[in-house]
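Which chain is which? They are A, B, C, D, E and F, in the order written, and residues in each are numbered from 1.
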Amino acid sequence: MFDKYFDEYEVGEMWKSANGRTVTETDIVNFCYLSGDWYPLHSDKVWAEQGPFKKRIAHGLLIFSISSGLMHFEPGYIKAFYGIDHLRFTQPVFIGDTLKVHVKILEKIEKNENHGVIVAESNTINQKNEIVLHCIMRVAVFKRKKGREM
Amino acid sequence: MFDKYFDEYEVGEMWKSANGRTVTETDIVNFCYLSGDWYPLHSDKVWAEQGPFKKRIAHGLLIFSISSGLMHFEPGYIKAFYGIDHLRFTQPVFIGDTLKVHVKILEKIEKNENHGVIVAESNTINQKNEIVLHCIMRVAVFKRKKGREM
Amino acid sequence: MFDKYFDEYEVGEMWKSANGRTVTETDIVNFCYLSGDWYPLHSDKVWAEQGPFKKRIAHGLLIFSISSGLMHFEPGYIKAFYGIDHLRFTQPVFIGDTLKVHVKILEKIEKNENHGVIVAESNTINQKNEIVLHCIMRVAVFKRKKGREM
Amino acid sequence: MFDKYFDEYEVGEMWKSANGRTVTETDIVNFCYLSGDWYPLHSDKVWAEQGPFKKRIAHGLLIFSISSGLMHFEPGYIKAFYGIDHLRFTQPVFIGDTLKVHVKILEKIEKNENHGVIVAESNTINQKNEIVLHCIMRVAVFKRKKGREM
Amino acid sequence: MFDKYFDEYEVGEMWKSANGRTVTETDIVNFCYLSGDWYPLHSDKVWAEQGPFKKRIAHGLLIFSISSGLMHFEPGYIKAFYGIDHLRFTQPVFIGDTLKVHVKILEKIEKNENHGVIVAESNTINQKNEIVLHCIMRVAVFKRKKGREM
Amino acid sequence: MFDKYFDEYEVGEMWKSANGRTVTETDIVNFCYLSGDWYPLHSDKVWAEQGPFKKRIAHGLLIFSISSGLMHFEPGYIKAFYGIDHLRFTQPVFIGDTLKVHVKILEKIEKNENHGVIVAESNTINQKNEIVLHCIMRVAVFKRKKGREM
């Protein structure tokens, strides 16, 4: 996705991840491990079965982390991945769901002769074509021939 | 932090994580593993040394994931952790930095007799007291005696 | 659990972990990884199916490690977690079992003006209310206003 | 170590692990992950530097887990690894320390014609030949020709 | 397996791993993590179900890595594990398959008074006795009394 | 690398990985974990310091696994990754070394109207431009418009 210069993006342009990724119990357990967030909705089967979803669900930030990996950040084009707005977890993700990412360019903001900011909408989609995570990303991208800085 | 009912929060109230957590090379490598995001700023020492920070830095989403674990979510009070706004990565985090989280209640939004929404500002702070990550969280919290639902 | 001064404990006092934790295949595989203990009762389905339990079981030390995480050790009260007595693995733990910890204060031993030793019985309980692990813990705990030393 | 029948052990017999294992920061971070025990003595460099050891130390149960892996449990001889007594963490273990295990047979307890209990003292030794962990293990071991049961 | 001197091997000699190891979903996910190889045949359930195997399969190099661990390399006998020839992935390995390793000595090559090269065929076998991986290993092994060098 | 049809390859063609990857202590420890291969040259600092390399080195199969992840396998072009020949570990890889992969097409073998076999030489290169791993890969690649099968 982020594999070209600021000049080369067009507002309205879309990109879809080639690969999907199945969310496994291993991923959820590993996210408990890494984050230290053992909220029982993610880690206690008995507790989760008594809740509204009837089973354990993935952490929102795990889905966000997986989504970031499904995007393609080619070295040499990005100055900074500096922020996210309106991040929403719109549907629960269960063990065995398979995710893809769809990105759409919303806006190009001129900054200086070196780089601009790309504003893009990212939607993470499950195997039933439901949007499970939505956010707006802001990425500073180099202009052509301004070379690699970061 | 999230260990009481909607009624019990006050706008302006602050909370600080008791524990700090040192970000290790292991954490960064594990976040490459889990997310699949091997951007060389996080995973290629040679490349990172030629960039503006002169060394590898942690992924923004790793810092966010660690921050979520430093907060305390007590089972039985939260209806849904449904969104994040204005997430900004304000300073690089290096291997060996130690992080804490400061949360401040910004707003209480009435929803119904069952629950309301707590809007809180979260800042992740390093050992030099710099803010490295900033965001606004939106959490649906039960009112007293409305029982556990999720 | 360990969130107060020596003076504040009473013999006979009980504490139960708020959260439960489901033991997953991931946990067992990770304990094989970390410990290097690949005894086939934990790691070879074919072998385990021929044994008395008819399936793989969790390592006793995995259960003990999980139990230690379910207890709450608040920084600033503990001088040293110096020993365990009479550790017994009383029932097998299978993939999918959910564990909680019950702790009971058995004895308070005066040491000096700075700290004393709390002797506590810890039982790890599965979702059928069976005790799967039992031990006696010895923890040196600071007296009030003696400050943090470790 | 546990690679023969009850009949073949002699009281006083000693065994030393062929391999040593260096305790890495990765091991400590992974034990925080797996156990959920993020006590700052193990995970917060700043906090640990203000304490008596001046740096982070390994969890006692990590050392115990590593020690269990350094022992050799040959399939087919052990009926049950049913308990530990007098487990003591006698010296701190730091990142970079290298551990070996020494085991000594203390007692053979007859149970029935099928198996007996081996009582053994286990000491985990660091590269300076200091004992860092001590315990007494109780292992039910089959008698010769009684076949594999677990 | 590699627990003796060059002089002690005989051409035609066979060795079988005592332990088997069940390949879990955790192992496959961890190999995606560690290698960065997220080819969808290993990580995308939907994609794999449309392919010739109808489900996800383990990476060939995961099977090879597991096989290397099932062999026994005793410290002090091996000068160098310097190469592999004719590595073939002959059958798919699925989640839940249990693997063992069979090794046969094919050839002994004299090098000098210090060491020789052992050429061995290694076959990894599943629970249905099918060969899933085949290779020829070349290992430089010390001669007796030439001491440990690596 | 493997992102096109059999017809599109030319003998002599070269490909270099865009990203490099630094081999960390975490990677080596994780490969000990995953493979179960704790040979002390990889896991015992004291032992490794007495050997010819004076420090711990990475497992050859870890380097091979990392190399496989640095190659790009685009879904839809590969029928089978069926074998490796002449795999050689030509230089030790230490903690902190940074690796890239260079691939050269050696031969195209016609099989049938559906696919052919690409024979390619792969060299893994460290930051000093030394070849640390060499092998010949055999990959069955679809011909154009023959559709995805695996």
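In this text, contacts are C-beta pairs under 8 Å (C-beta built on N, C-alpha and C of every residue); 3 or more make two chains touch, one makes a residue touch a chain.
Bear in mind that the values here come from a model prediction, so they are computed numbers and not experimental data.
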item: Given chain E and chain F, the chains that contact each of them; value: A, B, C, D
item: Fitting chain A to chain F on CA atoms, where both chains share a sequence, rotation angle to nearest 5 degrees; value: 180
item: Gap in Å, rounded to a whole number, between the CA centres of chain E and chain C; value: 37
item: Averaged-CA centre spacing for the pair chain F and chain C, given as whole angstrom; value: 43
item: Multi-partner residues of chain E (at least 2 other chains); value: 19, 21, 25-27, 30, 34, 36, 38, 40, 47, 75
item: Chain A-facing residues of chain F, complex; value: 18-19, 74-75
item: Of all residues in chain A, those that touch chain D in their complex; value: 30, 32-34, 36, 38
item: Chain B residues within the chain F interface of the complex; value: 25-26, 29-30, 38, 40, 43-47, 56
item: For the chain A and chain B complex, residues of the former touching the latter; value: 21, 27, 30-31, 34-37, 39-41, 47, 51-53, 59-62, 64-66, 68-70, 73, 75, 78, 81-89, 149-150
item: Residue ranges of chain A in contact with chain E within the complex; value: 19-22, 24-27, 30, 96, 98, 127
